[in-house]
Amino acid sequence: MEKQENLYEILMDDIRFEEGLKACMNCGVCTAICPAAEFYDYDPRKIVDTVQRRDNEEINNLLKSDTIWYCGECMSCKTRCPRGNTPGFVIMALRTLSQKLGYFTESEKGRQQFAIKRTVGDNIFKYGYCAATYAVNPDLHPEQGPVWEYILENTDEVFERLGGQLNGTGTGPLRKIPKEALDEIKKIFDVTGGTEFFELIEEHSKRKAAEMGLQFESKGIDNEYFNEVFTCNSGNHNNLESD
Amino acid sequence: MMKNEGKKRIWSDYQKEIADDHFFYVRSCIRQSFFPGSEQFFLNLMRKVLGKDVYEDPAHTTCTGIGYHSDIVPAATIMTVVARHFALMKEAGYKNLAVSCVTSFGLYTEILETWKHFPAELEKTREYLFKATGREFDIPENVAHASDIVYSFRDQIAAKAKIKLVNSITGEPLKIVEHIGCHYSKMFPKSGIGGAEFPHVLSGMIDAWGGEVIDYPERRHCCGFGFRQYLVQANRGYSLSNTVKKFNSMKPYKPDMILANCPGCTMFMDKWQYTAKELEGITFGEKGESIPVLTYEELAGLVLGMNPWDLGLQYHMVQSEPLLRKLGVEINASDKYKTKDGKQMPVPQNLINV
Amino acid sequence: MNTDVVVIGGGAAGMEAAGRIAQAGYSVSVLEKKSETGGNLANWYQLFPDRKDSREVLGYLNNVVRNEKLKMLTGTSVKSVDRQKGVYRIKTSSGEIIDTEAIVVATGFDLFKSERKEEYGYGIYENVYSSADLEKMFRAAEVKLKNGTLPQKIGMVHCVGSRDEKSGNIYCSKLCCVTAVKQAIELREMLPASKVFCFYMDMRMGGAHYEELYLEAQEKHSVNFIRGKVSEVGEAHNGKLIVKVEDTLAGRPLRMELDMLVLMAGMEMSGGGKEISELLDLDTGDNRFFKSTDNHFGSNMSNSEGVFYAGTCIAPMSIPETISHARAAAVDVIQYLKSAK
């Protein structure tokens, strides 16, 4: 029997939750302009209304569902809410808690956090950038088009003409970030719980990979589990009545 | 029919203070990776054309905003990373922050607001930063997005302009769609010039440089980046669908180009036109063409008479030749794919609008 | 000049209070800064709940102020106020000095300026009107789009400038829902081929006969009601307006093309009232309206001796409520004058 923590109280400790949830009167302006609500089976108003009811079971279900992973964090909702709520912030608090508790692996969309950690997360430590030209693999990004493959084949020349400093020391676009700076970033992650959070994502994903019978490697993107979470779309996510 | 007086009244309500010199510049992961020429041009514009002091500290890193908004980086972590940048600023003696990325800009603004409402968080961040790095920081006096800064100098740029945003064949102002990144002013309308509903930062540039701003029903709609909705391949349909929605909405107005201040938006509006054409054979410009998408640095560069190939336009998927022809900009085809020293590079195939 | 009472504001509340005070035999001067009396009342055509012409109520009020003890000073505002030994010395904009024992503040309300709700495009997109604009069209018996054609699809937007932190007013303005229903009925009668949609958060039909009007709107006039606050208004290529809203009862986002939009603007403390609050050092509440000393039994009383409130200067109210409130103010003033003697 699962211990029933008071999930609402735990959420209240998250500053985004405090900022994001005052009281919702279900007016719907958030859902009205939410890009995710147009295409996904998603309704930010319903999520905020559910959470404010403080029902542990409902919040528990949300944390394990695909639902909380549909938001694109554009914050268009924040501009309009007449009560000063921010559904996008509530979503961020829910996502953080879902990962802390390991519930994110229970949903197809939630499992994808592993892929993000192994790309963006690892980039931060390795390069000091969330994204960098050399880290955008055309196999993972066919939508970047033929120009991208070209740029990757001719990066030095491209950057040199445009004033770049690709992996150079000193200043300039895509300079190599000095090791001391990367060390400081790593220390910041260590001290603030960032590293621990990354490790939680890894730990839970490893467990889930074993459950699903998928090959898992401790580093990199070349493994079955990464591939699965990066590409799997059941097709059951859409708002069927949208244009 | 739209009335401009109404918009002008709104713009005057949202005039934020933008510093005019001595900037600490923080780069954008996306802009330097996908539009390196743009960041370089911004620095040249500021330093060489306008004679301003813009300082770049090689020790600055990503703000980790993409990680934060895809929910792998905790709030305490990003606050401390940001605080480290403030500490670097303090060390270098700078009080004005110039931010290249719109997500970053939104983050710096959000974090400063959070610290105002929750001083305990500010104290915690000071402790974390000191513990991790031994550094201390001050709150910057001014935080501006790089597009704010270009906006504030738009009249000086207009005075030095070699090109006007006018169709050189018809004499009519070019019809320009301006797209503002969501994190620029949707979270804190007062932190954006013109607020969240009718932002002026890009339309001000377009007006000053002779173009005509297009309003269309989905103008304020997110481009669809959606962070995790793009980063994970399985989700990209969301990202593509949202951008296509915008394209369909702007198409009847026949825009000559799209201007964006967020590097992600610029990249998406360029690449998703390719994807839509590739997957479904659909285009959104006139006569089966695609609509060139430019950063504000690239546009400012063209206006000041720069060689488009030194700005990097040749490295978009949607090529800008239709726009350059309209502007009357000299198109030196043989120079397009040459190295800095003038050596011929291979020519990429299958780009759009060629 | 000496008078027993000065009433600041010559709208419905000011006229009723002054008239009743004069009827009781006291001298009263009414200071109205505009050239016409009647205040906001003159801006309406048909009044809920029974749709009588506002001119009927104006006629009644003009009669009430017809009294030799009542002086109506239009085009006159308050420049300064001093209090010494229980007497208020008022200097007016025309240079007159009036000494009085009691003051009734009846400065009324201003309608929320719809252009402040930027995302609704008032003043930017043609064919976005306020409820007050529509009343003028009703009075002129002509409802047309800017290009002269008749609207086929009309949207009424509830809660404009009310219940909205972003607009600066979190309170409910009380009368806008019934105004929307009334105007929807009038539109349907005037334009039988039209479709009318009310976009609401709640249907606040809290006055006598309001709910019946709502029922009539649905049963007799086929007015459509969609439960969702309008999030954004845009203009389509064909010139029509596009609203983005969530149909919260169906639980999905909705985009609708409309020819015309009418914004139900809420009531706010008037600019004149704000000036008076400063001149007379009167307390205002968080909602910026004047603050009575007690919500239940002191709603006409202010924090200043000898100063009383009448009408919408303390809160949004309907015309029947305004007139009742003004009569109650008269009772308080008369009681005050009697006990002072």
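Chains: A, B and C, in written order; residue numbering restarts at 1 for each.
Criterion: a contact is a pair of C-beta atoms (placed from the backbone, for glycine too) under 8 Å apart; a residue touches a chain by one contact, two chains touch by 3 or more.
Bear in mind that the values here come from a model prediction, so they are computed numbers and not experimental data.
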Just say which it is for the chain contacts: an open line, a closed ring, a star, complete, or other.
-> complete
Identify the chain whose mean C-alpha position lies nearest to the mean of all protein C-alpha atoms shown.
-> B
Ranked by contacting C-beta pairs, which pair of chains comes out on top?
-> A-B
Length of the line joining the C-alpha centres of subunit A and subunit C, rounded to whole Å | 49
Subunit B-subunit C separation of Cα centroids, rounded to whole Å | 45
Whole-Å distance, C-alpha centre of subunit A to that of subunit B, is 22
Could you tell me which residues belong to subunit A and also touch two or more other chains?
-> 33, 38, 79
Residues in subunit C with touches to at least two other chains are numbered 119, 232
Hunt down the residues of subunit B that sit against at least two other chains at once, touch-wise.
-> 196-197, 220
Subunit A partner, complex, touching residues on subunit B are 27, 29-34, 36-37, 39-41, 44, 56-62, 64-67, 69-77, 79-81, 84, 106, 114, 117-118, 121, 128-129, 131-133, 182-183, 186-187, 189, 196-197, 220-222, 224-229, 231-242, 245, 271-272, 274-275, 278, 309-312, 315-317, 338-340, 345-346, 348-351
In the complex of these two chains, what residues of subunit C are touching subunit A?
-> 119, 159, 163-167, 201, 227-232, 244-248, 251-254
Subunit B partner contacts - residues on subunit C that touch it in the complex = 115, 118-119, 121-126, 146, 232, 234-237, 239, 242
Residue ranges of subunit A touching subunit B (in the complex, touch as defined) = 14-16, 18-19, 33, 35-36, 38-40, 69-76, 78-79, 92, 95-96, 99, 109, 112-113, 115-117, 119-121, 124, 128-133, 136, 140, 143-147, 150-151, 153-154, 157-164, 169-175, 177-178, 180-182, 184-185, 187-194, 197-198, 201, 229-233
Over in the complex, which subunit B residues touch subunit C? Could you list them?
-> 1-3, 5-7, 9-10, 195-198, 215-220, 252-253
